[in-house]
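Shared chain: chain A. Partners: chain B in the first complex, chain C in the second.
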Partner chain A sequence: MTELFGIFLLTLLVITAVAVVRAQNLFVAVMLMGIASLLIAVNFFLLDAADVALTEAAVGAGISTVLFLSALALTVDREKAPKTKVGLAIAVTVVAGLVIFYATLGEPRFGDPNSPVQTHVGPWYLEKTPELVDIPNVVTAVLGSYRGYDTLGEVFVVFTAGIGVLFLLGHGRVRRSLEEETRQNEGLRHYLIPRVIGQLLIPFIILFGLYVQFHGEYGPGGGFQAGAIIAAGMILYALLEGEKHALTVIPQKVLLGMMAGGALLYTTVGIAGMLMGGNFLDYSVLNDNPVIGQQTGIILIEAGVGITVTGTLLAIFHAFAARGD
Partner chain B sequence: MDILGLFNYWVFAILLMIGFYAVLAKKNLVKKLIGLALFQSAVFLLYITVGKVEGGTAPIFSATAEGDLFSNPLPQVLILTAIVVGISVTALGLGIVVRIKEEYGSIEEDEILEMDQQ
Partner chain C sequence: MTAAIDIASWILLTTGGLAVLVGGIGALRMPDLYTRMHAASVTDSLGAILVLVGLMLQGGLTLVTAKLAAILLFLVLTSPTSSNALASAALLAGTRPMGDRHGPDSGDTP
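Presenting the complex of A and B:
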């Protein structure tokens, strides 16, 4: 039954993707992308990836849609009809698609427990986590501890992208009329229904974000998801109450501090491990009991990840929103 | 079920090619970024599919899930971080598109190339 549901969702996903590429109106394309993200998130859930589903729903359907819409507000909302021929592009994609299709015939069947992926390091993580780290969510254990270097790298990629967007859009020319300024500062305040619903939802979105952050060791969640959810809550606030109010709640300086501070916290935990006689990002030495040391380390670095992701996503949003055309 | 055993991979291939086509054939820069996002989603789907074990459950231990079969946590970790990096890359791309629009007044690739040649 689950398989059938999965096949149905994936078919729907392909149809949505075709509609996204065909849509001439870019607003339509962006909204359809949001639907595609939600479909793929449900699919991840069916494929046992609860953490990934949570991230995709928050990032793909939430933040990504908002960023695309703010970019469209600054550019154009319609794609021009193509003048050139697309025959070559179609030929290339069809040939490449057929090659991949041929390659899939040699892939292990869906859910095969004896495929190479399942017989490599995966079982080791599942077997050793209760003994070495002793937290229920193996995904968080792998993310925070076993592959801590990798995650540190990802945090710095997010941080760098944030800096890049701020350099491109941050303090450039902001030309806009007084009228436009007022409109942006008022947000959607004249619209009663979004405002009332928003005021009801925002505290719970942020509370849920904090729950996802601090419960990440026991259930699906962690810094990446929590950061995206909290940022989505604050972006909703900014849309409803206007830019100015949102920047009063969390000023730009605090956002910049969060961007750098989270990454710094992560690195500090790594260096603390070195100073206490272990390797970089080895949390076992943080406490006399190595298991408790691991848990402390994971909670701290997850906090760092959450802070950087929230700060960066909000700073990026404000950089787009503050720019008038 | 043997043919359907490859269905997820086929969806991956189709999705990948839809994204690739948008990047190749569309001249609008925002549309190209949307294509890139689709391409990324296809890769995510491939990884998560590969990690799935028949009859398995999410890799989170609990009192009730004693002795259960778990799906592979490693591909999930890789994709979890990749999604957040993906949105950062998209944001950077959109930032560049906005600046291009401000400098050239257009976000159509062929028009921009024409202006550059003059």
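Presenting the complex of A and C:
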């Protein structure tokens, strides 16, 4: 049954991907990409990867769509006719697709108990986590502790991407006509229905973000997902109440501080481990009891991840919005 | 007792699924944006409510039911709001409903 459902979803995914390529209107393409992300998220969920599914739904279908739309507001929403030959591109794609298809033939069957995924470090993680870290969600233990270096790298990828966007767009205010400025600062204040519902929901969205952040040790969730959800709540606020009000709540300087501060918090936890006699990102030495030390470390680095992701996403959104059209 | 709850939840889930199907067909077949939105809203309102209540019956008095209730509350609040926002955005952008005799391009909608 699960396989049937998976095949159905993957077929829909292929149809959506073809539709994205064929769409001439970029607005339609962005919306279809959101649908594609949602389909991938459901697929991840079918494979029991709830953490990844939550990330894909929050980042892929939620925040990316909003960021694409704010980017579209700065440009036109029609695709330009391609200048190069399409035939060559199709040939390259077909060859690459065939190579990838050929490579999948060498992979172990889905769910094969003898595949490297099931026999390498996976069993060790599952067996040792209750003893070493003692948190129910093994994914968070792997992400935060065993593979802490990788996650540190991811945080710096997010941080670098944020710096890149801010360098390209500039984070200062662009001079605009008074009318334009008022429209931007007003947001949708005159439009009552979304505003009332939004005001009702935003606190709960942010509360849910905090729940996802701090419940990541027990259920699906963690810093990346929570950062995206909290940023989504704040973006909703900015859309409803206007840029100016949103920037009064969290000023640009604070956002930049959050971008750097989260990554800094993560690194500091790593260096604190070194200073207390362990390796870099070894949390066991943070407390007399190594298990409590691991948990403290994971909670701190997850907080760092959440702070950086929230700051970066909001800074990028404000950078786009400040350009106006 | 369990059988009765099961039957009730199956009925709810099946009718919910039917409502989603009807909404999908309507969204494809209706002639203009506003009638399409009207059809799609069957999915949002009736379909979602029936399916979620059906699932709540399966969940019983547990945390799962509480979470489903929260989702239901969220959907009941947000989907009419987004429909309203979509319809007024379309109206602002100049899309006239079909059969509207007062508009500048009556009945001539993409």
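The definition used in the following text is that the second predicted complex is superposed on the first by the 315 of 325 C-alpha atoms of A that agree within 3 Å, B and C clash if a C-alpha of one lies under 4 Å from a C-alpha of the other, contacts with A are read in each partner's own complex, and residues count from 1 in each chain.
Going forward, contacts are C-beta pairs under 8 Å (C-beta built on N, C-alpha and C of every residue); 3 or more make two chains touch, one makes a residue touch a chain.
It should be emphasised that the depicted structure is a prediction, and the values quoted were computed from it without experimental measurement.
Contact with neither chain B nor chain C is seen for A:D288 once the two complexes are overlaid on the shared chain.
Contacts of A:I197 after superposition: chain C is touched, whereas chain B is not reached.
By the document's definition of touching, neither partner reaches A:E131: not chain B, not chain C.
Note for the complex: chain C touches chain A at residues 74, 77-78, 81, 84-85, 88. Residues 3, 6-7, 10-11, 13-14, 17-18, 20-21, 26, 29-30, 33, 36-37, 40, 43-44, 47-52, 55-56, 59-60, 63-64, 67-68, 71-72, 74-76, 79-80, 82-84, 86, 89-90, 92-94, 96-97, 100-101, 104-105, 107, 109-113, 115, 117-118, 121-122, 125-126, 129-130, 136-139, 141-143, 147, 150-151, 154, 157-158, 160-162, 164-165, 168-169, 172, 218-220, 222, 224, 227-228, 309, 312-313, 316, 319-320, 323, 325 of chain A touch chain B in their complex. Touching chain A in their complex are the following residues of chain B: 1-2, 4-22, 24-28, 30-31, 33-35, 37-38, 41, 44-45, 48-62, 69-77, 79-81, 83-92, 94-99, 101-102, 107-108, 110. Residues 191, 193-194, 197, 200-201 of chain A touch chain C in their complex.
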